[in-house]
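Below: a set of structures, written as C-alpha cells.
Okay, so subunit A shows up in both of these, paired with subunit B first and subunit C after.
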Partner chain A sequence: MHRPLHIAGGLISLSLLLLLSTCSALYEDQIRKFDWRSTHVGAVKQVHVDLNHFQPRVLLSTHEQVVASLCPKSGEIVWRQVLEQKARGDIKLLQVSGFSDDSSDTAAAPVGSRLGFDMLTIQGHAPALVRGWNTNIGTIEWEWSIIPLNTERAQDALWFYSNSVLYHVVPVWRSHLEVTAYFATSGHTTGTTSKIMAAWIKTDSCLLSGTYFVCQDGKQLISLDLLAKSTQVIATSLEAEPTDKIEALAGLNGVLIANKKLVSVNKDQAVCPELSSASYVLGSFNYRKVVAYADLADGNLKINAVYLDNCSPVPELQMSLAFAEHYGTPSLRSFDCKLKRNGDGKSCLFLFGTSAESIVAVQQGRVRWAREESLANVIDTQFIDLPLADTEGTLENEMKGKAVDANNLKRDIVSAFMRRITTQALQIKSLFLHVIGLGPPPTDTQRAGLVRDSFGLHKMLVLLTRTGKIFGIDNIAGKHHWKLYLPNVSGFENAEEMRLIVQRSSKHFPLQPLCAIVAKFPSSGNGVLFRFNPITGRAAEGGLLQLDFQIKQIALLPETEKDFVKGILMLDATNKVHVQPKHATPLADGMYLYTANVKTAELEGFYVKHAGNDLTCTPIWNVRLGGHNSEQHIIGVASKNPIEHVHSQGRVLGDRSVLYKYINPNLVAFVTQAPDATHKSVLNLYLIDVVSGSVIFSMTHRKVRPPLHIVHSENWLAYSYFNDKVRRTEITTIELYEGNAQANNSVWSSLQAPSMPLVERQSYIIPTIVEALRETITERGITNKHVLIGTASGGIVEMSWHLLDPRRPISSTTQGREEGAIPYIPELPLPTENHINYNQTIARLRNIYTAPSGLESTCLVVATGLDLFVTRVAPSKTFDILKEDFDYILISIVLVVLTSGSLIVRHLASRKLLKQAWK
Partner chain B sequence: MSAKQNSKKSKWALDFNVSKNADMPSPPGYNPTALVNQTEVVRDQRLVIKKSWDLALGPLKQIPMNLFIMYMSGNSISIFPIMMVGMMLIRPIKAIFTTQVTSKMAEGAQGTGQRIVYILGNLANVALALYKCHSMGLLPTHASDWLAFVQPQTRLEYYGGGVSFI
Partner chain C sequence: MWTKPSYALIVLLSCILSGSWGFLEHDSWISIDLHHSLSPSRPEYFSHRGNISIPSLNAGLSTVLQNELSESELEELKTLSQQNGFYRLKATVTYPNGNTQRFLTSSKACSLLASQLNDVLWISLDAYGFVTGITAAQDPTPNGSGCSSEELAQIKEKRFRSDVIIRHAELAPVPDTGSFIQKYEREREARERGEVRDNRGFFAKYWMYIVPVVLLVFISGATNQDAAK
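On to the complex of A and B.
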C-alpha cells in the first residue's frame, strides 16, 4: 500500500539531489583559473645533497613526516611521500647508500639488487617500519618491520647504520642499553640482543654519534662505543657546560658539537677543536674530507670550510653573501660539489635549514632557491582588500569630504561640483601623462599589480605560520609579495595559537590598513603585539610591542572615530583589562568578556566598565561544565564569525507562515568530553549566551568520541564526531528558531532575551573522515550558506545546507516538500563534482578559512595543511556577474545587425509608403 | 513659392468650414414632422432600457462562467492560469474605467441604477479575480511575503574571549 508512495518520494529526493549536486561543478577549462595550490614538505630534519652528474638530487626527511626529493637546480619537488601521521610516521633515520662514513660503503650495491638499497628510512617505534626507496620515482621497494617487546621503552629507541647492518638501540634509562643488529635490507637479526650495562644514561641528555652512545653530564661527556669488543666507558671533559643541547656531527664517528665547537669522543677520530660555529656539516672536496661551517653576522652569511686531516682552510669553498632577515637563523645541513661544465673549478650547493623553517640553497655566492616550508603550518589567515589606485583614491576622498560638511549644503554643492571637476581634470591629465609616458612613477604596490579590482576578488592573503613567519601572498597569482619573520614569539597555552587581527581595513583611504599579531614571549610568558601594514609587510605603529603582563584573553573593540583603528582589549592573568592603542580605551565601555578553562571546563564572564580614565573588569557569571566529578574537559569552542550578516530573518514554512530564526550573536557552542563507565565516552554540547551566561540548550551524545569539528553560523550549528558504537563519522546539525513571532524585531539584547528557542536537530552519516568544517561567508549574507567539509583524503566538499538541514522531514509530507526540504536520508552524498579542489589534493588538510569578496555571490576560500590551496566558491552560482564564457562578440554583432537592420528597413518602408501614396 | 503652395492647397483641399453652420434646404417633399410615430418611440425606449440592462447585468452574468474557469484552471502557477487570472482582473477594471463610454449608449431614466449595477458587477469580477490570486498565492498577504524586508536586529552587547591563553 505504501510502496508506491515511497518510491515517488525516493524519486523526488533523488531528482532534488541530482539538481543540487550539479550546482557547484567546475568545467574542465576552468581548472587552475580561480585556484592555485602550493605544495610543501615541512621543516627539514635530515637532508642529503648529491650532485653527481648522472642524477643530481636532494633527498630529505622532514618534521612533518615527509620524505621527498627536490630538484637541486630549482628546489621544486621531484617526488614527495607523505608518511603516516603521529608517532607511527615519525622518521627516525634517513640513510642514503654511500653516505655516512667510509666504513659503510658496502651498502652501495647496484640499483635493483636485493642486497643493496638506494635510500632507507626508519619510522615509528611500535611497529618500527624500515622502508627502502627508489629515489628516482619515490616508490617503496621493500619494507620490513619490527614490533618491540616493550612498546614504552621503544619510544626512545635510536637507530644507526654501519656496514649494511642497522642497529636498534633501546635505552632503558639509568639501567642498560639493548642493542639488536638487523641486516638492513632483509630485517634478519644477526644474532641475539646484547645488553650493555650503563647506569649513567639519563633521558634528554643522550644521543648517538655514529656508533657511539654519548650522554652529557654537566661538563662531562660520557660515551660508549656500541660496536667495540670491550664495553669501555670513555669520559671526555668539556671546557664549559654546554648552553644548548649537544648535537652529533653526521658522518663522523664519535664527533659532537658542544658549545659551538667540535668535540671527539673517538680517539681514532681527530677534529679541528679551534673552530667555532653555529653549524657544521661534513662533506668531501677534492676527495678529501671537509668540515664546512656557516655563520650569520650582520645580515651576511659566511661559509667556510677546513680539510679535516690538517685543519687547513679550503679557499674554494669560502663565500659570503647577504642573507635576508626573514629566513631566520640558518644552519648548514648538507653540501656537495661538482665539476663545472666548462671544467674550471667546482661549483658547490650548500643547503640550509633555517629557524623560520625555510630551506635555502646557496650556490656561487648567492641564494639559488629557497623554499618556504613554514607554510606547512599555517595557523591563521586574513584576506585584506588591496589599496585603491591613486586616482580612485582622490575620488573616494571627495565622497568622504562631501559627507563631512553636509551642514552648509548650498556652498557645498558648488564646491563639491568644483572639486569633482578638478579631480576629473586631474584624472584626465594623469591619464594623458601616463599615455605619453611622463606620468609619476607608479608606487611599489601598483608596480606589483596590487590594485583593487572592480569586484573585490583580488586581495592580499596574509598568512601567519607557527614559527612566527608572516606571508603576504597574492590570492590570485600566488606570488609571495612580502615575508616577515618574528623570532622569539610563540603560541599560547592550551594549544591556543597566535592570533592575526585586522585592526584597520583598507577602506579608510588615505590611512593604510593595519594588522596585529598577538603572541606570547616564550621566555617570560608575557604578551607581545606586533603591528604591521599587511600590504607592504612593513612594521607599523612602532612594530613589536612587549607587554608587561600575561594575556589571558583578547577581544576586538569597535572602530575609533579618529583613526578608524579597532582597539585590542586584553585580559591579563589577574583579570585586569588593558587596551591597545590607548586612545581606544573609552570604546571598551560595556564590553563583555569570557574565558574558558579547558581542563576544568569552567567558564567565566566579565563586564568591562570605563569610569574616569580607568577600566574595571567585573566578573559577572560563571558556569561549570565539569560534571559532578569534574571529569569533563572542553574539547571544542565555536563562536560565530563576527563579520557575519544574516539577511533572511526567518524561514518560510509550507503554509506560508514564518518561523523566525533565533539569531543570537552572543551564542557560543561548547563541547565537553569525559570518559564514562558504561558508554566509554560521553560528549556534551552546550549552547551558552556568553553575555548573560545562560545555558540556552544542551545535548548529550553517548559512545561518541573526537575528532570533533564544529561550525557555528546564523541560527545553526553543525558538528562532526566519531560514533564509537557503529564506528563511523557522523554530523549532527542543530537549528534554533524563535517561533512564529519575533519577541523584539528591532534590537537584540541578551539580557532581555526571548524565551528558550525551538530546537530542531538531526544526525547524518558522512562516509569519510572529517578534518575541517567551515561555512561560506559573503558580504551581505544574501547568498546561500554552504558548509565546506575537509576530508582526510585531502578533498574539500561543498555541502549545501539543504542536505544538512535538520528540518528534513522523515516522511515525505507535503508540508516538508512545500517548505523546500528534501526528505531525510541518513547518508550524506559526497559527489565528486562537489569537491571544490577536484584533483588538487591537499595533503594533511588541517583547516579551511573563508572570507567574503566584493561580490555578493562569491566567497574566498583558503585551505591549509601541508599544502596550501586557495580558491573561490559561489554557493548560489555567480548571479551577479556575467559568466566568463559570455559571448560578448556575438551579442554585439547581433545588436549592431539588429539596429542597422531596423534603420535600413525603416528607410525602405518609408520609401515604399511614399511610392504607394503616389500611385 | 507660397503662391505655388497656396495654389496646390486650393487644388486639393476641401474647405468644410464654408457651409458648416449654414442650413441646408430640405429635399423637396420632405416633412420632418410627418415621420414620428409615437408608439414606435415608446417601443424603442423600452428596447433601449432592456438592452442597457442587458449591458449592465453582463458582468454579473459572467461570474458563474468565471467561477467555472477558475475551478478548471487550478491553483498551480503556470502561464495559462496566470494569463486567465490576468484577463479576469484587467477586463473588469478596464470596464469600470470605460463605464462613461458604455453608459452613453444607454441613457435613460434608469441610467444611474444601471451604472451602479454595472460597476458592482465588475467589482464582483475583480473580487473574484483577487480571490483567485489569493488562492494561487499571488497576493502578499502572509508574513512570509514581507520577510525579505525584515531588518536584522541591532545588537546591543558585544563580547570577546575564548579559551584561556594561560
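On to the complex of A and C.
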C-alpha cells in the first residue's frame, strides 16, 4: 500500500521540478504586448532651452537627481542619466557652456566648446563630483572630485562658474566665507582658499546671484561681490519685507527677485524695477537681451517680455493661452528663440515647471507638449473595473431585480419574463437604430474605449502622486484618460503617505464607482477627504471635504445596504472616532482599530462601539516594542491584503496528513530596529494579532540593518534586509501552521484563537539588492502565489514560493521530496528569464502593486519608481485562457472534416448494409 | 475534559522551546501588579486583582497571588458579560532598576466567566528581557456555551486561577551555508569513490524503461484482439 504512494510522491516532486525549470518567460513576439513603460525625469530643477545648437535641445537637471536632454519639438527624452541618490547625488549646479552666468558672455553668444566642456554638473558635497558631459549623447567625458576638509560645513556649500573657473563657496554661518577657485575642466586650484570675513551671513536667508553672495535681513539685502578686488559690503533696501524667499535671476550678475519684483545689487546692472510677476527668466530675442515673465490669471497664462536695456515691451513675445487647471501653478524656467527666423517670435519656446511637477512647453500661443513628471513619485495605486456597456448593464439590472424579489416567486416569473421581452425589444430597436445610424451617441467612456472586456483585464489604473496629482490611466494602452490636481494636500505624520481608497467598486451598475483620497491639509494639520469618480475623473459626493480633526488612523467599513459605499472610519488625534459618510455610522459597531507610533514603537488597540447614535472608542490593549528606553523604532509594518482569498487551507505532507495553515486575517508584522552595543544593529520581527493585542511570535536578527522590505500574505511572511556581518542582502521567510487539526474552520475569532502556531522559518541569500517585495494576488486565490522581487538594477524577478519555502529540507529526505519541497540551497537563483520586465528597466524602482484581474490565472502588476511599468503575470501559467497563437483555423477544419467524414461514413455504411441485406 | 492535558503539554512544550531557542544573556526578575476594570458604569476605575513575581525570566517560574472577587464584583462581572463587554486588565511591570511600564489587555468578560475565572497570562519578552506585551487569554470555549442569564446564575467561582507563560524572543535563522557545503562535499566524495547510491524508488528509477514496455504490451494486446476476431 505504501509503495505506490511513495512512487506517486516521487513523480509529483519530479514533475514539480520540471515545472519549475520550465520558465514563464516571454517570447520575443510578446514584447510590449501586455506591458508598457513610461519614463520620467522628475520635477525640474534647472533647465536650459537651446534652439540654436546644431541639434536643438532642452537640457535639464531634476530633483530626482537626473540629468536629461529632451527634444524641444515633442518633449521626448533624447537621453537620460539617473545619477546617485540622496545627498551624494544632489545636483548643485548645471552649467551649460554658452549660458554662462558671466555677464560678458551673453546668452546670445554663439555656442562654442572652446571652454573645454559642453555641460558640467556638480553633485553632492563630500565628495563634490564635477562632471563634464557630452550633451549630444549624454555621456560623461571627464570627472573630478574634491573632498572638503570640513564636511559638515560643506553641506551648505554653493558653487558658481565664471570664465572657465568654478568657485566653491563654503559659508561658515555668522563668521566668514571660504572661497576656492578651481579650473572647471581639470580641478586644479588656481590659488589658495580665500577667507572673506562676513559676520552677517545667516542660514536659510542667503543665496548666490552670479558672483554676488546675497543675504536678506528684514527689509535689507546685504551683498558682496566675491570676485571684486575690494570686499565691500553693499546694502540695498527693499520696499517691504519679502513674504517669500528671495530668488536669484539666472543669467544676470547680482539680480534678484524679491516680492515679485526685480532688484539689482550690482551697480553695473540695471533692471526694470516696475515689473511685477511670479516668475522671470532671462533670454535673448533679435540679438537683444530680454526678460520674459509669465503669470496665471483666471485660468489663462499670460506671457510678456521686455528688453533689458530700455524696459520697452516686446510685442512679438506677448501671448495669452488657456492653461489647464491640472498643471498647477506654472513658473517660467527658460526660453529660447531661433535666431534665423527673424523677428516674428513664433519660433520661441517657453518652458514652464509647475507646482504639479509637470514640464510644460509653450510655443505660438499654445501648449506644444507637456510631461507629467509627478508620475516619478507615485505613492498609491488602484485598479478599477471599467463600467459595463449599456446592454450588459440592463442585463445585470435584470439579474439584480430577480435576486431581490426572489421570495414572491410567482409574480416574479411573469414580471421577469415581461422585463426580459421588453429589454430584448429595446436591444433590437437600438441595434436597428445603430445600424441605420440614428442611435443615441455613445457615452464619453464608450467613445474612449473604456468598456469592460470579458476577462476583466482592461481596467482603469488610478495613480496618486506625492504632489497630489491623480491620474486615470488605461492599463492596456497607457493613455492618460483624466488628470486631477489637488494643490493643498500632503502626507501624514510618521512618514505616512496619502491614501487612495476605493469606496464603491464598479459592480453596482447604475451607481458609479467611487474613490476617495485621504490626506492632510498642510497648514492646519487637519484631515482632508476628496471623493471622485475614478472612471471620469470628476469630483463626486461634493468633492473636497475639509475635516475638523487630525487623522491618526483610518479603516474601511463594510458596504452600506443603501448605496453600497464603504464608509471610512477615522481615528483622530484625541482618540475619538468619526465615520464618513455619516449614514454608515452604525456599521462601525464592533470594529477594532490599532495605532503604531513609529518613534516610541508603542502599539495601541481600540474597540469601537455604536450605542445610541454615538460612537465610543475604548482602548483595549497596548504593546511596547520600544525596549527600555524606546531605543527601538518601527521600520516596517505589513498587514495582509484585505481582498485576499486563501483557497487551500492546508498543506499535504509526505505521509498524506494535512498540516493546517494558521490563517489569521488580523495578524500584522512589525519590524523594529535599534543600534546595539554588542551586535551593532539589531532587527526584531513581531507578529501581533491587532484585535486581541497578543504577540504571537517574535524573532531577533543580530548584526542586521535596513533597508527592509516585507511582504505578508496567507500564512507566510518574507522580508529582506542587509546583513552587516557578511555584507549581503538576505531574505527570511516564515510560515505559520496551526498543526494537524484546525481549531475553528468556519469563522476566525482572534479572541478565541489558538495561541501558539507552529512557526517554520528559513533564511536565504539573495544575490542582489532588494528594492521592493510584493506577492501576486488573484481573484479566488487558487493560483500559486509568487513573490515579485524588485531589484536595485531595475528588474522585477518573479520568484515562486516553492523556492522561498521555509520547509525546504536541508538533507534530501524522502519526506521532503514527497511533500514537493525542493532541497535547501542557501542562495536563491535569479534566472534572467524570470525577469518579468525583460529589458524594460525601471529606474529607481520603489514599489510594486498587484491586483487581481477577472481571470483566475492572471494578476495585474504595476511597478513604480522614476519610471512606471505596467504588465500582467500568470503565476500558474494561463490555464484558463487559450494561447494567443492558438490555431482556430486548424481546429475548425479538423472539426468540420471529422463531422462531415462521420456523416459520409454513416451514409456509406447504411448503403453497404442495405446491399448486404439484398444479397 | 480534553483541553486540560493538552494544555499542560503546551506549557511543557513552551518551557522546552524557551529553553532551547530564546534565552536571555542577562537573566533578571520582574514583578507585575494586576488591576482590573469590572464595572460597566465606571470603565476607567481599576481595582486591584493581585500580583505576580517572576524571580527568573529564564526559568520562567512564577508566584501568583490574587485576591478573591467579592460578591458585588462578581455581579458586576456578570452584568459586564451580559452586555458582551470587555474585561480589561491593567498590568504594571516593575523591573529590577525600579522602572515601571504599564500594559493593558482585554478579553470578553463572558469567556472569562465561562472558563470559571481560569486564565492564562502570556508575557512576551523582547531579546533583552523587557516585556513587550501581556495578554490574558482563556481556553477557547466550545460554541454555544454563551452567557445566558441561567448559565451566569450558576457561576459561583470567585477565585482567579492564572497560569503564567513567558514567551521569549527567538533568534532568527541565518542562511545555512555550512551544512549545504558539507552536504555538497559528502556527495562529491561519494561520487569520487563511486558509491553514489541511488535511493530513489523503483518506479522513479526505471520509469523510462517500464513505460515503453507497458505501451508495447497494450499495443500488441490490441492488435492480438483484432487478429482473434
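Worth pointing out:
Quick note on the criterion: the second predicted complex is superposed on the first by the 867 of 919 C-alpha atoms of A that agree within 3 Å, B and C clash if a C-alpha of one lies under 4 Å from a C-alpha of the other, contacts with A are read in each partner's own complex, and residues count from 1 in each chain.
The rule is short, and it goes like this: a residue touches a chain if its C-beta (ideal position, glycine included) is under 8 Å from a C-beta of that chain, and two chains touch if they have at least 3 such contacts.
Here the structure is a predicted model, which means the values were calculated and not measured.
When the two structures are aligned on the shared chain, A:Ser657 is found in touch with subunit B, with no touch to subunit C.
Contacts of A:Leu895 after superposition on the shared chain: neither subunit B nor subunit C is touched.
By the touch criterion stated above, A:Gly627 is placed in contact with subunit C alone, subunit B being left untouched. Residue contacts after overlaying the shared chain place A:Leu569 against subunit B, while subunit C stays out of touching range. In the superposition on chain A, contact of A:Leu908 is made with neither subunit B nor subunit C. By the touch criterion defined above, A:Ala235 lies against neither subunit B nor subunit C after alignment on the C-alpha atoms of chain A. By the touch criterion stated above, A:Leu149 is placed in contact with neither subunit B nor subunit C.
When the two complexes are overlaid on their common chain A, residue A:Leu882 makes contact with neither subunit B nor subunit C.
Contacts of A:Ser639 after superposition on the shared chain: subunit B is touched, whereas subunit C is not.
Of the residues of subunit A, those at positions 744, 751 touch subunit B in one of the two structures and subunit C in the other. The touching residues of subunit C, when paired with subunit A in their complex, are 10, 14, 43, 86, 88, 95, 99, 101-108, 111, 120, 122, 124, 126-128, 130-133, 135, 137, 140-141, 167, 169-177, 179-180, 183, 199-204.
Residues 3, 6-7, 10-11, 14, 607, 618-625, 627-628, 632, 682, 684-686, 688, 692-695, 697-702, 723, 730, 732, 743-744, 751-756, 761-765, 810-811, 814, 824-827 of subunit A are the ones touching subunit C in the complex.
In the complex of the two chains, the subunit A residues touching subunit B come out as 492-494, 496, 520, 525, 550-556, 558, 569, 571, 573, 590-598, 634, 637, 639, 645-650, 652-653, 656-658, 663, 665-666, 690-691, 742, 744-751.
In the complex of the two chains, the subunit B residues touching subunit A come out as 137, 142-145, 147-148, 150-166.
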